[in-house]
Amino acid sequence: MIEFRKEFFADERDDDLNEVGKPTRRQDILGHVTGRSPFFDDHLFDGLLHMRCVRSPHHHARIRRVDTAEAEKMPGVVRVLTGKDVPTNLNTLLSLLDFGIDDEPILSTAKVAYRGEPVAAVIAATEAQARAAVKAVRVDWEVLPHVLDVEEAIKPGAPTVCEVYPDNKFIYHGKYDHQKLRFGDVEAAFASADHIVEGRYQMSPIEQAPIETCGAIAAPEQNDRYVCYTSTQALFFSLGTAAKVLQTPSSRLHFIGGTVGGGFGGKVDSIHEPLAVLGAMLTGRPCKYAWDRGEEMQVGAPRGAERWYIKDAVARDGRITARKFIGYFDSGAYTRLSSYAIIKGVGHLPGPYTIPNVYADVYCVYTNRTPATAMRGFGITGVDFAIENHMDKVAETVGVNPIELRILNSYRDGDMKAHRREAKNCALVECCQVVAEKGGVTLSPDARAATSLTGGGGERAQIPNFTATDEHGRVEGFDTGSYAQKASAAATAPQPPRTLPASQQPTSRPVQPPASHQPAIPPTPAAQPAQPAPPQKPAASRSGAMRFSSLSGFRRR
Amino acid sequence: MALHRGRGFAAINYPIGMNLGGDPSQALVHSNPDGKFTVALSAIDLGQGMKSVTRQIAAETLGVPVEDVYVDTADSDTGPHDMGSFASRGTHRMGNAVIQASQEARSVMLEAAAEELEVDAADLVTDGRGNIHVKGAPSRSITTMAASQAAQFKQGRTIAGRGIFLIPLSEVDPQTGEMTPVSCFAHAAMLVEVEVDDETGEVAVLDMQSAYEVGRALNPKLVEQQLRGGAWMGMSHAIWETTEPYYPSRDHGPEDFNAYVMPGPGDLAPHHISVLERPAPDGPYGGKGPGEMCANPVLPAVVNAVYDAVGVRVDDLPVTPEKVLRGLKANGGAKPRKAL
Amino acid sequence: MAKKPVHFSHNGVERAAFADDGQNLLEFLRRGAGDLSPKYGCGQGTCGACTVMIDGETQLSCLVLAESIDGKSIRTAAGLASDQLDPLQVAFMDHFAAQCGYCTPGMLVSARALLERNPKPTREEVMEAISGNLCRCTGYEPIISAILAVAEGRAQA
Amino acid sequence: MTSTVETVSTMAEAARAVAQGATFLAGGTIVMRDVNAGEAAPRIVRTIDPSLNDIRISGDSVVLGAGVTMAQVLANRDLEFLHPAARMIGGPQVRNMGTVGGNLFAPHPYGDFAVALLALGARAVMAGQSGGRPLDDLMRDRSRSPALVAAIECPRPRAGSFGFLKVSRVKPKGVSVLSVAALLPREGGRIRGPRVAWGAMGPGPMRGASAERLLDGQELSAATIDRVVQAAAEGLSPPTDAIATDWYRREVAGVHLKRLLEQMERG
C-alpha cells in the first residue's frame, strides 16, 4: 500500500547512495521492543519527591489569598511553593528568541486567567500525599467576568484576559494588533470578479495526546549542579527557560532527554523543568513534576482553535484572482507560541496557489482558556483545513472538477508568492495528478499536461505594481522594531499598548469594502474606545540587566 | 436507513522549519580509535526517527557503514545547541548540521588514511563498507579502523567535525508581511472516500488515496511511518478529536482517553500512499520533512467527502455525528452530490 | 504507612517485596521491582501502556492493587525475550511497528497474550486484542501487520 | 485523601466494613482509578473470598458471583446470552478485570453490562441477606447501595428473545453513545411483558417505559417498530458529555432501538 514514484523528478535526484534511501531499522528499535528505552521517568532516584499543583477552578479570578498552612502540616509534605518562591515568576517562552513580552507567571499570585492555572505547588514524599495536600491548600478567589470566544474577546468592553495585552490582542512589530499580509489589491479584484465565494471555518482545539505525559525529574548533581531528565521536545528551550526562571547560570543545569514518548508539539512549552529544578533546589532532593492524563488533556496546552473567514474572487474558468483572509487564533490566556504560529501561517498564505491579490489580517487573541501551543502542523493545519474546504466551494461555484481546480491555480516554479519570495521546488501539480490517476478521476488534457516546472514565472513572477496598504489596528506605546527584537522595545514601553481610537487611525486607503461584497467576513475590527487603566502589569522581570540566553545570546532585559 | 458514499479531495504544501531566531542546529561528530563514530546532538527523538535519520546521514557523509555510527542525543553537557524537534525542522536543519560535521570529520579521516597510504587525501574515496582506498585502485586501501588508530596513536589527529545550520534571521514587514518564512516545502494531495449513515450522522472513512512529495525519502520506512501515522491523526482530527467538544464553551472537556475519542483499530481505512521525491536544493541529500504535513490534507478531504456524500458541509471541526445529523435535518435529508 | 509483603513470580523469577498501602502494581513494578517496561500513560485504565500479564491474563497494572498479586505470576515486556527475542519483538522491528516506543511494551504484552490463547488470529481478532492499547504514532496498521506476520509464520524468529 | 486497603477473607467481613462506610474493591477498574486520582474513600476493603467468583447455572436462571469478570462470562458457553454485552465492556484488559458487581455501580458512561442485566430482570443478592432484590431498585440510586452485592441472579431468556446493542464512537472499543437491551418474551407471536433498558440515556441504566408500553401485546411488525421508535426517548433524560449531547442521544435512540429490534427479528 505504498509506492515510490521514482519517475517523477528523476533527473533532479541521484539515487545511488550507500545509506541514504535505505530502509534501515531504527537505531532505537531494540530498546523500544524490549522496554529498555530510557524515557524521562525511567530514571529511578531514592527519596524521589513528587510535585503537584494547586489549580484554579475558575476561568478568571483574582487571588485574594493562598493559605498553605494546613497543607504544609499534612503527612509526607516537604514543601509548598507559591509564586514568591519562583525567582523570576514571569515568562514567555519565545523571550529566549526576543519575541514577545513576559506575560505568564510560573505560579500565579495576582490572578488566574484560565481554569487549571497553577497557583501553588505541593512537594511530598508520595504522589498520593501530594494530591491530598493539594486539596488542603485554601485559596480565596474573587471570581471575575471571563470571555471564551475570540470575536467576543476583541469587542470593546470585553474582560482583559492578560494585562500585558489589555485589548486581548498580541501586538505585532510594536505597531499593529494583528499581522498583516498585503499583496496587490483584493478589493479591486472583488469588484470585477465573476464570482465571489465566502466561507467561515472553525478549527477545533486538539490535544497532542502523546501516550507519555509531559514531565521532568530534577535532582542535585555534583559541583552544585542540577540534572534534569525531561520529556521536552526542545532541550535548550527548556534549559534556557529554567535558567531564566530560576535566575541561575545555564552551566549549573544538566539537561538529559532525547528519548520521548511522543510529543506532537505538546512538549515544547517547558512548563515542568523550571519547577522540577526549583523543587530539587529548595528541598535538596530529587523532585518529579509530571502531568497526569487529566492535566495533560485540560491543563496542557492544546493546538489552539482557529477561526478563519475567507473570501475569494473567482473568474468563470476557475482562476482565483483574489483571496482575503481574516483569521483569529485562540491563544488562550497567555501567548506561549501562538504569536509566532501566526507569522508562520501568514507566510503560508494563500496556500499552494498563485493568486495575484492576497490580503490577510490575522489576530492572536487572548481568551480565558488553557493557553494554546504547538501541535503537528502548527500555524498551518487549521488554515489548510479552511483553504481546502473553501477550494471545494469554489469548485462547486464555478462547476470545475475539484482536482482540476487545484491544478489550474497551483503554484509553479518561478511564481511570486504573496510573501514576496519566488516559489521553487514545487510539486503540487504532480501530487494532484497522481491522486487523480489512482482515484480514477479523469482530468482534462491541460491538467494532465501541467507540471510544476512549467507555466510559472514570467508575469507570474512579478510583485504587483500596486499594493493597497493601510494602518488599521495601529497601536501606540511600543517602540517599533522587528518582530524578532521586540522584547527590548517592550522593556522601554512605559504603558501597556493601546489601540488608537478610530478617529486617530491613519489609513492610506479605505480598507472596508462595500458591505455587499463580504457579508460573511466580519467588519475589520473597529478601534476600541479607551478603557479604564488596567491593573499595573507585572514588571519585576523587566529590569534593564543584560542576561545570556542560550538560544539567542546576550540581550538586554 | 441509507449509507451514502462520497469522495473528497484536498491538496496542500507545507513549510519546512521556521525563520525564527535563524533556526539553528549544531552537531558534533567524532570517531573512537576503532573507527566507530559518535554523533553528539541535543535533538529529540519523539518517535519521528531523529536518531535514525541523522545516523544514516552521518554514515553516508562519512562514507562508513551505518552500523559504525551511533547517534547520542540529547544531553546538554555533550550535545551542542539545537532549537528542538518541531516545525518539521529536525531532518532538514539537523541533517544539514550533521552533514557539515561529518564532512569535517571525514576530511581528517582521509588525511590520516592518506598519510598511512602515502597518497594525496584528495585521491581517496570510501567504499561505505569500512574501507578507504585510492580512487580507481581498490587494492591500495586501508580500513577506517586502521586510519582511526593511526590518527589516535601515531599521527596525533582528531577525527572529529563540527557542523551548524543557520539561516539569516528574516525580518517580517509589518505592513505587507514580506518575509522569508522557510527554506523549502513538502507537498501532498489526498482523496478520501467516506460512508455517511443518514440516520445517525456517523461517518466512516473507507479509503484514502494519497500522494506525498517529501523531498528525498532518506529512509523510506521512516517516511512511511510518518505518512501512515500522520494520516491516521488527520482522520482523527477530522472526525473524532477535540479537547473542547462544545467550543468555545469549556464544558465537558475530556480528561481521559475514553472521552477523548480517537479512531481505534476498527476504524482504520486502507491508505494507498504514493511518494514523490523532488529533492530540496538546500535539504540534506534533498530531504525535507514529512512529519507534520502528512495529517493536513485529510481534514479538508474528509469534510469535502461528507459534503459529496450527503450534501452537508461541516465547516467547524470535528465532523461529529451530531453536526452531520443536524445538517441532514436542516437540509431535509441526504442530498448526495457524487461530484468526484 | 503500612507496608504489605508480596511474594510473586516476576518474569519467571520468584521475588518478594513490600507494597505500600493503596499502591498500584505499575508503581510497584517500576519503583519496587525495577521493571521499567510497563509505562504510565493515564492511571485511569484507558491507554494500555501499563499492560502486564497476571497468571496469563492481560491486566492494566495501574488499576491493580499491588498487594493483590501476592502468590501470582507477573509477565511484562521486559520478560518477553529469553535467550533470543520473542518473534513478536522481531516482527515489530521488521514492520516498523514502533515510533516513539512508549506504547510498545504494553502492545507487545497484549499481542503475546493473544497468540498464547489463539495462535492463528484473524485480523479482526488482532484488532480486538490490541483495542485496549492506544498508539498515537503509527495508526495501528504496522502493529496489526507485525502481529499477523508472526501468527502466519511469516516473521523470522 | 490517601486510602487504606484492608483485605478480609470472607464476604461477611467485607459486608460489615461496607456497612461502616468502606468502599468495596473488586476488579479495580473503578475504585483503583479513584485511588490513583486521590478521589477514593479513606477506607477500602477487598476480600479473597472465592465465592465471589462462583458461576452457577440452573435450568432457567444463572447466578453470577459479584466478582465474576467479563472475561469469565465470555468464557462460559452457558452464558452466551450475556456475551454480546460482556464483549462490549472495555478492551481485553478491562474485561479481564471488570466484574459483574462493579459494573452495576460504574458511573456514566459506563455500566453497559448492567443495562443488559436490567433488561433481563436480574436480581441482586446482597451479602448476608437471603433472596434477591430487583436491579430496578438498586439502579434507582446507585450512589447509595444499601449493602454489598454478593451475586446476581439472572433469568435465562428464551432463545431469540433477548438482544443488546451498544453504540460507540470508537471501534472496536469505546464508551457508550448509548446502549440498549431488550427482552421480548412472546406468547403466540405477541410480545408479553417486554423489558427494555437503556445505558447512557440517564444518570444510570434505565428502563425504557414508553418502548415497553408500545411493545406490550404487539407483534414485532414494522408498524410496531415505527411506533416504538417515535416514542423511544420519552421519559429518558440523557446527559450531555464529551461523546454526545442529550439532543443527539434522544435523536438516535429510536434509530438504534429499531436496529436492535430488526436484528432480533431477523434472528
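Brief remarks on what is shown
All chains are identified by letter, namely A, B, C and D, in their written order; residue positions are counted from 1 within each chain.
One rule holds for everything that comes next: contacts are C-beta pairs under 8 Å (C-beta built on N, C-alpha and C of every residue); 3 or more make two chains touch, one makes a residue touch a chain.
No experiment lies behind these values; they were computed from the predicted model shown.
Chain pair with the larger contact count among A-B and A-D is A-B, by C-beta pairs in contact.
Centre-to-centre separation of chain A and chain B, using mean CA positions: 19 Å. Chain geometry summary: the mean Cα position of chain A and that of chain D are 45 Å apart. The distance from the centre of chain B to the centre of chain C, with each centre set as the mean of the Cα atoms, comes to 29 Å. Within chain B, residues 45-47, 49, 221-222, 224, 228, 230, 233, 253-254, 256-258, 260, 262, 264-266, 271 each touch two or more of the remaining chains.
Residue positions of chain D with contacts to 2 or more other chains are 2-3, 35, 37, 172-173. Residue positions of chain A with contacts to 2 or more other chains are 25-26, 28, 126, 128, 209-210, 259-264, 292-294. Taken as a contact graph, with one node per protein chain and an edge wherever two chains touch, the assembly is complete, since every chain touches every other chain. Chain contact summary for the complex, chain D toward chain B: residues 109, 167, 169-175, 177, 240-245, 247-248, 251-252, 255-256, 259.
Considering their complex, residues 25-26, 28-37, 39, 41-42, 44, 126, 128, 209-213, 259-264, 292-294 of chain A touch chain C.
Residues 2-5, 7, 25, 27-29, 32-33, 35-37, 40, 44, 46, 71, 90-94, 96-97, 172-173 of chain D are the ones that touch chain C when the two sit in their complex. Chain C meets chain B in the complex at residues 42, 44, 46-47, 96, 98-102, 126-127, 130-131, 134, 136-142, 144. The touching residues of chain C, when paired with chain A in their complex, are 1, 20, 22, 30-31, 34, 36-44, 46-47, 49, 76-78, 80-81, 85, 89, 92-94, 96, 98-105, 108, 134-137.
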